[in-house]
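If you scroll down you'll find the structure; I have some questions about it.
Labels A, B, C, D, E and F are assigned to the chains in the order they are written; within every chain, residues are numbered from 1.
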């Protein structure tokens, strides 16, 4: 529980800090400090157990099925890191309180800071690897927030994005690696994983898992070639750099190496990968650090180099190297954090971090200068300071390495070279900033910082000294415990003495010191040489930016190539997809059998004539399609032929429906043609037309083949049930109608809903549409007065058509007809009135809100459905009975007829809404443009 | 009387509708006569707004005779037209004829125009906006005046009588 | 006997319908073509419907509902022809003889 | 007969799709209508085709046309009508909004 | 027995829509009240249904009291219950957001909205293939209206594309249905499953064709390669609450693929079992990859979110394509997450755009938003969730998917594409966040503040992500049970048709 | 006798139908096409009547009636369009 609290307190702090900020700027700082101190106190309360060799684990199930637990672990390694995080965190909070300017939002800063702290604690205290990964990615995210804290600076934004891209991307690799590891081991719990070294390293998945995990570690710890994000993250406020980029976040990578050391290390793959990365980073970054003019840049590259050193040590895979690695983690955290803080002070008080302008600051801020010089000396590996000790251990380990045979000299040599560089850049930092003449053009006169800003630096520098002088006494127990945590095994023999005698390592240190001084003295020629060798800025950022830019350009290219905004393309793809899957499926299941044995439809002249007519009319429509009106007439022919086919093949209801729908469609299209172009030029080239013809032909052949195959296969259907049940169960002899209103009445219910929605949608669509009708043709329009004969004939037609509708409606259940067709007939009859006499005249006589008609129709059908609930039957259960009345005789009453009446009303309403709305677009009731605005289109 | 008038605005038409209903259902059963009557009464009443004025049939007997005449003419006319269609093109003497109207009742004009269209070699094309002339297209017009005269006597006169205008 | 009458009506009706359609194809201009369908085809259909009435009435119940279709066609065919001709005139569709002056085309 | 029916349906599909691949909204509407005709016929044919079969239940009927596809086609026709109506109005709307009848809203591409 | 509850998700929205039509003259307040009340009712009913589905039994509602396969049945299983509830929750908050004013930008918003819900719920509940078509059409026609809600050239153009493509898709649907009916003579899905398994060798070819044609149709709705190109402009031009609701629309396609290809062509379909497998995984992965490129290439937040929808579909389909219980369970978890989050993101994008004046949701320099802290926090959470970064639901979903794939032969592809796409999304969204909230010019803010209802809506949708993560165990337990149910089509068949008996068959006229 | 007469009549009507479709295709003017479509509707009714007699079925009547109605309305709408552009004014 305490463990959980240690992680939760800072995370909750992210919420509490802004709350506390209500009491002023300092409130946030106090809250942050208090919470950190609390967590630190809790941690220390657990420390004795850990020192006693216990591993504390507490666990709660989160998603046990996939091995995800809220489980935390405190062992030596975790304790060390948690101490660093909380201890340095406390110092950074103190420092930041004075560092931040009044313009910066303190609550926001500390909230982010606490969030980061919690995430970082989570990383180092997780027992579950997935949980570790979760916190791992959280550190990347919070670092994004912190680096981009000064959001108006473009370098801050870019640096934050770059850091997030690299570390976040590495996190994804780590996720994959952890999942593979979990797959190998069968658990994500560290206690299990760390005990399964043999299983893991002999598994086929070991190599990919290792590579992926290392990618995660290397990106986070800025190992070459992923190092470049760290210098750019220096755009962050300095407390952030001091905290994240020296002591904590970048250490997460090496923490991971340490954490996984027992499980993954030892093999050749581990050795070569980790060592190579570490070595290259160590030397390369140290060299680059020399040429940074920005203090923070220098420190950043120095950090990278030191991380390389630690990585290199873990790469050796030996217990002693691991101890050295842990020791250097501690030392580096201490001196680098203090150096960053010092750099921050200099920046804060002198207004720049450019070493070409900063000089002779010793005079202005001697106290800070001394602190910085001690820390820099520790960084350089000067004896009696903490850095020296771990560096010595490092040199010893490079020499002790057995693996490289005749190349064994390489690592010590390069390590020494890196030592030379380290001394040189440390010297440059001290000399260039604090001595080397007078400052040049500083924005302000530098002076010592406020008292409280120095305290954190003092504490850390004191630690440098104490550890450097009394290593065994000060850091000994912690190092032992932590190293034990890394190894998960008894510690090897090592000694923390300042002096181990005059050995090779001392020689290396001396070479580094002397060489470093020489190097610094020769720096002017070196700078010139460097400038000649690498003109312009040094590569990695450019490479990264280029990659990102390339990625963006590629994705824009791909996206615009695919989603090019052309419906014709999308349609062609759809057709092509259908043809492709059709061909694919048709090619399965053996050879196609083209026997005519299945044919059974008798050959008949009428049918042939209708079909030929259909083909001719279809062809005519295509040929004429650019002349819309003739094409419409052809379309009428097609529709008629289809209806005739329905009649011929014994489907009168279909024919009736098709006919009535068709005429409404033609009227609709005519209404549209009043606004749309009637003639069109061919606007696709012949290539496009051929492509389309090919696609269309392919689809046509496909459907023809499908039809043929269906028509010639044997057939069993459940329709027998409908034929048997139509009269006894549905009370109607027109099976199609009984299916529509009873067996599958729910389809019809949906179908009229579709129509109703279409009408509603159309009504909505036409709102505020101002559109100019087509210009009249060569001879103008005929006068507005409707043709006399039409007007006269339309009057008796209305009641006649209504009567036909009643007829179709009433008998639909037993004979061809039904509510839908009847509804359309009424619709057509009413449209006739509109055609003959216009909207105004007709609407004056037809004061009906068509939407109400639709609503009533829908309600009727709905109520018929719901009524069956009363008798405990499911929705739309129908009933019918035969009544005997005198004179009238026997007649049937069926609830399905009420449903059909609903259908009828809905259809009437819909037809009228659609046609009347379109009709109203032009003519006397057309919407008028708003006068004062003058915008029409 | 006025109640009857209101309930039964178009008695003739209601009768026609009843007949239509019975024809539609192909029956003379009592139930359908009852149902048909109801519908035939309700529909004209419900659509009353769409009717300009009541239809006056002054001479029903003449109307019936006129109907038979027209049917006969249609039959004869068709045989003539069939001949014209199947004969060589040069035999056609098409022409547009302006036929002066002596009626001003819209319904009567419509009936006349329809009759002209259904009978020998003529189609009525247009009514002038002042309703004074009817434009007729003839398929085989020898003498324009004779054609006008024949229409006048054979069709327009009885129609004028029937509708009393 | 009844069969013969029906057959005559059938052949006559279909013949007239065909003649109307031949006229539609064969006659020289739109205004002359208009005559074919309005008369021959309508009458042809009338004959066919009579045949149908006799046929169905002869095999059981009296069937007169074909009358309705006939009635409807005779009511509407002149109007269709009228509208078509009016439209043609308005569009100044080519004619073998001079078109009458179109009173509507005047502004 | 099957071959001719299949050919006609396939041909209508081809015509419909060719028009749906055109660049002007009206062409697409017409193509869609053709395609709907073809699809309805196909759906109808899926219950096999019978001429002179009884459409209504009667004691002396021997063969019935499969009623189920007919009901389905009816539904499909009606839905197709609603859809076409909407598309037509949308075409007008787009013409009004965009000033041309190109399906991509850009004149003379 | 659930009684009549099963049909309420279909009827309730319709009743609300009719009521709103009838009370159209009584003003917006009445309309909104009806709309919201009905919506709340729907959420309640959906919850009841989900609760009922937990038992694992199949609830069957035989419409018109005609038993399957003759009548149409509604079937409630875990999957349909989940989809209905998900729809209701998403819709509730979309509606709430719309009530802040966007429902006034055109006519009939609420009516169309409820009709769309009716269509969605019907599609999720129906057990009949043709009825599925009908409900597809209902939800589509309503979606056409909604997409065009508010008008304007952009919407008209996107609407044309969307409508025309879907109409072609509907035609294809009918061809597929016709073919399968022509072979098997039935439409009930359970019955189809029985008959597909018993199909003659000569029938296999056509059944196979029909199955794949249906897959194309569903792929079009789901926005699967190569049929997703309509989506970005359609979704990005729709008004925010509509776009948010549309987050469920692609899932209808996914649902249909799952339903049909797990039940009818599932593991027990004989020769035709697992028909979809060779297609779904590669198509899903390529869709995902191309969607990720789209996310990167977007210069506008709304478009970017639209592409994130494509990404989510690709992920889902790839997961479904693995065809294991684990992958299915993971996909369903991911489905819930991605629907709610992309929905929330559409709304959030609108909130942001409204505070950026003329710049709107374009990813270029503009004024600072009026409520920077609030909106940037919301965006940060949404971005985390949608990219799949810890600790939110997107991460859990991806974790489940990756784990499910680990033993599959395709694991390398699957992992690479998913992880690289996540990486791309991470890059893209960090750029977006930077462009929206970090890089601002000095022009004055618009002063528009987000109203309470819209904030509530966005917050609630975004809050779903942490909740899904915290209750990950429960949710993934449910989706695992759902996946197990899906993997046992025989249970469904027996649930609908009763203990297996051969349904009444009679020979029809056209047959020899 | 009657059967033969029906067949002959059908042949004649089919020929008429084909001629009508041909006229729709060749035009030349829009009015020609509309006229041909109108005629096609009437001939279609004729065909249905013949089919009805041929099959001794009254099921064709409704279709015939409806064709008569919609043929007229279709022609009316098309002509009104030619005359006025705006068919519903």
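Here, contacts are C-beta pairs under 8 Å (C-beta built on N, C-alpha and C of every residue); 3 or more make two chains touch, one makes a residue touch a chain.
What you see is a predicted model, and the numbers here were worked out from it, not measured in a lab.
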Next item on the list: Chains touching chain A and chain D alike, please list them.
Entry: E, F
Checklist line | Steps needed, at minimum, to go from chain B to chain E via contacts | finding: 2
Margin query: Taking each chain's centre as the mean of its CA atoms, which one is most distant from chain E?
Written below: B
Notebook entry, point to check: Which chain's mean C-alpha position is the greatest distance from chain A's?
Noted result: B
Next item on the list: Mind checking the centre-to-centre distance between chain A and chain B? Centres are C-alpha means, answer in whole Å.
Entry: 75
Check: If you average the Cα atoms of chain A and of chain F to get two centres, how far apart are those centres in Å?
Finding: 61
Item checked: Centroid spacing, where centroids are CA-atom means, of chain A and chain C in whole angstrom -> 69
Checklist line | Distance between chain centroids, defined by C-alpha means - chain D, chain F (Å) | finding: 21
Notebook entry, point to check: When you check chain A against every other chain, which residues touch at least two of them?
Noted result: 565, 567, 571, 575, 598, 600-601, 632, 648, 650, 652, 671, 673, 703, 706, 710-711, 715, 717-719, 722-723, 743-744, 747, 750-751, 754, 757-758, 761, 765, 769, 782-783, 787, 789-790, 793, 796, 800, 804, 815-816, 918
Note to self: Which positions in chain F are in touch with at least two other chains?
What the structure shows: 10, 17, 30, 34, 36, 58-59, 65, 69, 76, 80, 83
Note to self: Quick check on chain D: which residues sit in contact with 2+ other chains?
What the structure shows: 20, 25, 40, 42, 45-50, 52-53, 55-56, 64-66, 68, 72, 75, 79-80, 82-83, 86, 90-91, 93, 97, 103-104
Notebook entry, point to check: When you check every pair of chains, which ones turn out to touch?
Noted result: A-B, A-C, A-D, A-E, A-F, B-C, C-F, D-E, D-F
Notebook entry, point to check: Mind pulling up the chain C residues that touch chain B in the complex?
Noted result: 16, 19-20, 22-23, 26-29, 31-32, 34-36, 38-40, 42-43, 61-65, 67-68, 74-75, 77-79, 81-82, 85-86, 89, 95-100, 103-104
Notebook entry, point to check: Where on chain A is chain F touching in the complex?
Noted result: 605-606, 609, 612-613, 616-617, 620, 629-630, 632-634, 636-637, 640, 643-644, 647-648, 650, 652, 655-656, 659-660, 662-663, 666-667, 670-671, 673-674, 773-774, 776, 781-782, 784, 787, 790, 801, 804, 808, 815-817, 821, 825, 828, 831-832, 834-836, 838-839, 915-916, 918-920, 922-924
Notebook entry, point to check: Which residues of chain E touch chain D in their complex?
Noted result: 130, 134, 137, 141, 144-145, 148, 151-153, 156-157, 159-161, 163-164, 167-168, 170-171, 174-175, 177-179, 181-182, 187, 508-511
Item checked: Parts of chain E lying in touch with chain A, wherever the complex brings them together -> 4, 7, 11, 14-15, 18, 21-22, 24, 61-66, 69-72, 106-109, 111-112, 115, 118, 122, 130-131, 134-135, 137-138, 141-142, 144-145, 148-149, 151, 160-161, 164-165, 168-169, 172, 175, 178-179, 181-183, 185-186, 191, 201-206, 208-209, 211-213, 215-216, 219-220, 226-227, 229-230, 232-233, 271, 279, 290, 292-294, 296-297, 373, 380, 384, 389-391, 395-396, 399-400, 402-403, 406-407, 415, 419, 422-424, 426-427, 430-431, 434, 437-440, 472-473, 476-477, 480, 503-508, 510-512
Check: Touching chain D in the complex: which residues of chain A?
Finding: 565-568, 571-572, 575, 598-604, 607-608, 611, 614-615, 618-619, 621-622, 625-626, 628, 631-632, 635, 638-639, 642, 645-646, 648-654, 657-658, 661, 664-665, 668-669, 671-673, 675-677, 680, 683-684, 692-693, 695-697, 699-708, 710-712, 715, 717-719, 722-723, 726-727, 733-736, 739-740, 743-744, 747-748, 750-752, 754-755, 757-759, 761-762, 765-766, 769-771, 814-816, 820, 910, 914, 917-918, 921, 937
